[in-house]
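First the structure, which I've put down as structure tokens, then a few questions once you've had a look.
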Amino acid sequence: MTLTRRQMLLSSLSTVALATLAGRPAWATIDPVGHEGGTLTFVISPSPQILTSAMTTAGAEQVVSAKISDSLFTYDFDMNIQPQLATSYDVSEDGKTVTFHLRQGVKWHDGTPFTSRDVAYTCMKVWKVLHGRGRTIFKDVTEVQTPDDHTAVFVMTAPSPGMLKSLAAQQTQLLPAHLYEGTDPMTNPYNLKPVGTGPFKFVSFVSGDNLVLEKNEDYWDAGKPHLDKLVFRFVSDPATVTAGLESGEFDLVNQSLLPKPDLPRLEASGKFDITTKGYEFQNEMQMIEFNLDDPVMSNPKVREALAYAIDKQWLVDNVFFGYGKVANTPLHYQLTQLYDETDVPRYDYDPMKAVKLLEEAGYKRGTLELTVDPLPYGEYQNMTANYLREAFRGIGVKLTVRNEDFAGFVKRVYTDRDFQFTVNLLTGGSDPTIGTHRTYWSKSFAKGVGFSNGSHYDSPEMDKILEAASAEMDEEKRIGLYHAFQKLAMTDLPVLPLVAVESVTVANKRVHNHTINAHGTYADFAEVWVDPKA
Amino acid sequence: MTLSTPICASADPVSHPAPILTVSDLRIETTGPQPAALLESVSFDIRPGETLALVGESGAGKSLSALAILGLLPPDAMRVAAGQIHLGRTDLATLSARQMRAVRGGRVAMIFQDPLGCLNPVLTVGRQITEALRLHKGLRGAAARARAVELLELVRIPEPRKRLDEYPHRLSGGMRQRVMIAIALAGEPELLLADEPTTALDVTISTQIITLLRQLQADIGLSILMITHDLPAVRMIADRVAVMYSGRIVETGIADAVFAAPRHPYTQGLLSARPRGAIAAGAAPLTEIPGAVPQPNERPSGCTFRPRCPRASALCAQERPAMPPATSGSKAACHHAGTSTDHARAF
Amino acid sequence: MTAMDTTPDTTAAKARPARPPRFQMLRRTLGTPKGIAGLALLGIVVAMAALAPILFPMGPWAMVGRPYTWPGDGPALLGTDVLGRDMTAAMFWGAQISLLVGLVSASVSLVIGIAVGACAGYFGGRTDAVLMRFTDAVQTVPSFLFTIVIVAVASPTIHSIVLAISLVSWPAVARLMRAEVLSVKKREFVQSCRIIGMTDLRIITTQVIPNALSPVIVIASVLVATAIITEAGLAFLGLGDPNVMSWGTMINLGRPAIRTAWYIALIPGGFVILTVLALNLLGDAINDAFNPHLRKR
Amino acid sequence: MGHYLRNRLLQAVVVILIIIVGNFILLNAVPGDLVDVLAGRGGDMDADLMASLRARFGLDDPLPIRLLDYIRNVLTGNLGYSWPHSQPVLDVVLQRLPATTLLVILSVITSVFIGTLTGVFAARKAHKLTDVILSMVVLVCYATPIFLTALALMLIFSVQLGWFPLSGLTTAGAEEGILATAADMGRHLVLPVVSLSLFYVAIYARLSRASMLQVLTQDYVRTARAKGVSERGVILGHALRNALLPVITMAGLQITELFGGAVLTETIFGLPGVGRLAYDAVFARNFPLLLGILIVCSFIIVIVNLLVDLLYMKLDPRVELTK
């Protein structure tokens, strides 16, 4: 991503189209196509409710829509921009105008040509209005001009460095203006029988069961896709997923949707390709969010005591089955350039120290009772909370685990703020500005808004670091700022990072090219092929 | 007594042809590790066109005799341990299950005490009659229906055609018993076993049913084994009477003779227990005889009536009285039979 | 459970010449093979519940070894669960929760059902119509779905689970009670209570309910069994109280690992079956005792 | 008859109204709403967007007004709109109804048939060894929660033996054609139907055994025997029909319980049914959808109950239309 930032910088000065955008480069990681045709069965959960991600950021919708609909760019593993429906772009000197040159000869699945009008419509009427993240990313866009069918000019009130990294299909999918204009996008029937420009066309959708897509014969990238059919199965039961993989009923599953205890066996069988790549967009962190408004939690000694009471390696080994690393800073270790543990306060497992700290804070052994709210999403947060109950009992703290559903959790934590601490899973994103800043920046605290600054951490020093970092164009300075961030975050400890989670994709070995760029299984799958002999 | 003269179409047993039913030395026991005798040495016969009444208190074994004739004793609970039942010359014990089914409802039909419970509530009257016609006469469809109408007419049911499609619960008690009789007559039986046919009915209806049975007997020459403790009904219909007590027949004879001069103390008690001049509801207990019928497994030694008998002697405790071999008139299984002529004063 | 408290000591029972009929009923219940088997199985579960704090004073959550240790492979008799907790301890403590949930929710739904049924049957007319339509409404919604909704509304704690189960299972009791009260209220003693001017409340509580109670008692064991199954089902869906150890919670935890470590789900499943079986056997025995004419022929 | 039907339907309307009002109030007591969930799923919504969505979804009107609006809409056949699905509630429910209907009908037929057969057979062999063994098997089936049966069946027959597909109602993307599709659905439905049926087989077996034993002691059975009816004729022609009466009532209850109540089975076998839909709707705070499901299910249940009553009347002429 450093590269993109420099590109951004460069292009804003020179207004020169990038040579690398001329065509799809031949990636070294791509397996040469060995077979055309066949069906791929891809398991996801939960069932998507609509088949477009233009107005939602929900994961299932994103996985599905990226196969049907394109956007302007894709990104390689190093987050370098790769062309999709935009072949090149220019940025004006003041950074306030970005011109996209669109690919010619692209047709929607219904035969209508794709034009700049589609880009203008989707950006102004959908992303800017209805898309959670889009509202932030495109908030400074005042207008999308369409001087001709193949040029879209984004006019902004301020430069938006984040925008060019957010134009992948799963985030900012393009919609066919001719089918959406003049309708309410949220109730448009094409949300359920989508018309895109992507490699696969919609065939049928049984909510809660399956979605069938077929090859788009008129795909703009000639010779692709290689699959005849792409079938999505919506299976909520993880044990069923493993069983289906082993029986060959399912080919591919992402997002760690199967029970981690099954992974060693799958790995040993040699029949599966297990990878943690392709989640560079996510970088999930399991962490404890302390409610600093709570009188007990606001005491830093208590927070430190609890931090010492937790054996994070145990969590990595037993809850995550090794798919993750102990988190010693708020940044995911995969952000290699920014991650830095030097001089960052550490809280290695030391229950004796925890007891001592609690006593210093005025809580004798057995006098402190706490409640934890694990995020009800997947089983890992709940299991960690269950571990915490035992770990805290070791230092004489009685912990009650609260079980509530997703909406109840969001309401309790972010609206009512009636909690002591959570075990949460936060998406860091490909850059700290995307996910991590929200958690620590005082200005992102807002009652009723989920997954923002849940601790209500308010430190002018931290705000200064974060604000400087998000505007800093110089990479060295940026690294320095984030080092300061990591030190301060672990000193003040509003949030205790537990595990840097690795998501897992498991594929039958007959499936090739399922993870070839930063989007992983969220990519368009134009390159995917299946080996019928394997 | 409402009827002083018993019907005696065939009062002279000697002049009569061979019996159509002969029960000899029938013994019925409970099954299980310690079998108790429910019926012991029961013998009686019925001649064509004759009505024999089996009389006695509940639990005496009257109904069991009838069920044994049809082979309908509950198989898990009871079995025929000894004795024979001959229908004409046929020993029923030798018949196969299929042959036995042809006897049931064919040569021998049976009607029961509670006509509501005895009719299947979910089937129409017509269906229940035609079923018997199909089984025994091979009649189906319209022919069966037509015959069913005739049968209903025979038992004096008004508007028979309409009744065919009705369900039993829509009919009155007397009507139901007539339907039962119609079903019984469907197979044109030689012998009708009537198990307490009037007990569940009120007095007027009961009389009507008895009258109907008499008329049928006259019309089609039916033999009837009438099981009852309704003594007035017995007087109306029976040619001969057999009095049962505790699984045995204790007295038997021409109905008139038994009624006029009962010889066994039990019969005497039974008759005196009936309030004179009124026909009491059937099920009233015989409070005038002290004590109760003993349970089959608690029967005393010797004469089983001994504990309740005013004439019981030492002999009664030692020796069970046997039925005398006399061939005519009434006879009683009692060591002290007939010592009192005035049965009214026996107690 | 009521049967447990009054298990007759046969010698003592023989010594007493005149036993109250209810006592005889109990003897008849417990004398049958079904009754004996039911009591024995239930006895095991009750003993487990009672012994849990003595045998496993650390509670059901103590981590005793590596997660996913198979039964027999480690110190824990029945193996360890997904977090290395002793399955044996979990089973013993789980017995407490299952019995508690079963008994409390059955009692609550009996109370509601008896009250509603008795009022509907006794007062009749408009009261009856209103109460019975309400009963209809509760019965028309599929009960498990309704339980889920209530638990979700109140968020899953042992209290909300018990409450939800009670709130959906009373209508059967109410119907039974109503039918019985309808016949009881016609009887002379109720009529005479009216004549001497007893208040309705007094008549209902002292005359009507006691005399209409027997068929309701017969279904009590079914209520307990159903409550235990429902709790396990809720926990299986993740709607269990995480702070009590229930067999259903254990099944839920073991379900994702069912291919790797099926024992985690199936052992508690076995205990659920055992308990419900015991209750059903006991229920059958009680039913036979109340309706002896159906027992043996 | 007409009078009876009108009365019954009137009662049904009252019942459904109580269900609507009761659940409306209940559901609005739940913490969190649809927008909270949407925001949570995406992870990044701002307060303005959330407020505007709440306004769109009609979540910011006072409760009584929303309730009245809702009832008015329901009366005109409009069950509302499911925003996350981008479809009217009724459409969403109707898409999910076929799976549940198939599941319910097949399991009712299976369990009534096998259960009654077992029960009658056991009654014929009452207190003999066959009966004792059958009764024990039945008792264990009766004591086994449906989800455990489902789990065990799936583990054995899908996972270990691979005889049946693991999950779903159809093989997505399989060849078309009515016969092929039916066969495919059949294969997918075997295990769910068996696991739902086993418990009810136990119920019907117990019920019909007891009822058969009771019926066999009735006088009319003795009459039939005395008429010379064969044992087979007694059982099939006379006893069974009477013994079936409680079975019919139970079948009505089973249908009631399974419509929407088959959540666990639908979850385990990944069937796209209404039970699962309702379950998801609870957690998505999609209350128009949940209410819609409850209304549609109640409606079906009311109809089923009516049919059961009519069938019962047909089978038992003693039951008269009194109300």
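By written order: A, B, C and D. Residues from 1 in each chain.
Please note the rule applied: a residue touches a chain if its C-beta (ideal position, glycine included) is under 8 Å from a C-beta of that chain, and two chains touch if they have at least 3 such contacts.
These figures come from a predicted structure and were not determined experimentally.
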Message: Taking each chain's centre as the mean of its C-alpha atoms, which one lies nearest the mean of all protein C-alpha atoms here?
response: D
- prompt: Where are there more C-beta contacts: A-D or C-D?
  reply: A-D
- prompt: Using the average of all C-alpha atoms in each chain as its centre, how far is it in Å between chain B and chain C?
  reply: 52
Task: Please work out the Cα centroid separation of chain A and chain D, and write it as a whole number of Å.
output: 39
Message: Quick check: how many Å separate the C-alpha centres of chain C and chain D?
response: 23
- request: Could you tell me the distance, in whole angstrom, between the mean C-alpha positions of chain A and chain B?
  value: 92
- prompt: For chain A, what residues touch not just one other chain but two or more?
  reply: 237, 243, 404-405, 408
- prompt: Of all residues in chain C, which are in touch with two or more distinct other chains?
  reply: 152, 155, 255, 258-259, 297
Task: Would you please write down the residue numbers of chain B that are in contact with two or more other chains?
output: 76
Field: Partner chain D, residues of chain A touching it in the complex
entry: 39, 41, 46, 49-50, 56-59, 130, 132-133, 135-136, 186-189, 191-192, 203, 206-212, 229, 231-237, 240, 243-244, 246-247, 249, 404-412, 415-416, 427, 438, 446, 448-451
- prompt: Tell me, which parts of chain D touch chain C in their complex?
  reply: 11, 14-16, 18-19, 22-23, 26-27, 29-31, 126-127, 139-140, 142-148, 151-152, 155, 159, 210, 213-214, 217, 256-261, 263-264, 267, 275, 278-279, 282-283, 290, 294, 297-298, 301-302
Task: Please give the residue numbers of chain C that touch chain D in the complex, ascending.
output: 133-134, 136-137, 139-145, 148-150, 152-153, 155, 225, 229, 232-233, 236-237, 251, 255, 258-259, 262, 265-266, 269, 272-274, 276-277, 280-281, 284, 294, 296-297
Query: Considering the complex alone, what residue numbers of chain B touch chain D?
result: 70, 72, 76, 101-106, 109-110, 112-114, 117-123, 131-132, 135-136, 167, 169, 180, 183, 186-187
Statement: In their shared complex, chain C is touched by residues of chain A numbered 237-239, 242-243, 259, 261-262, 265, 318-319, 376, 379, 382-383, 385-387, 389-390, 393, 400-405, 408
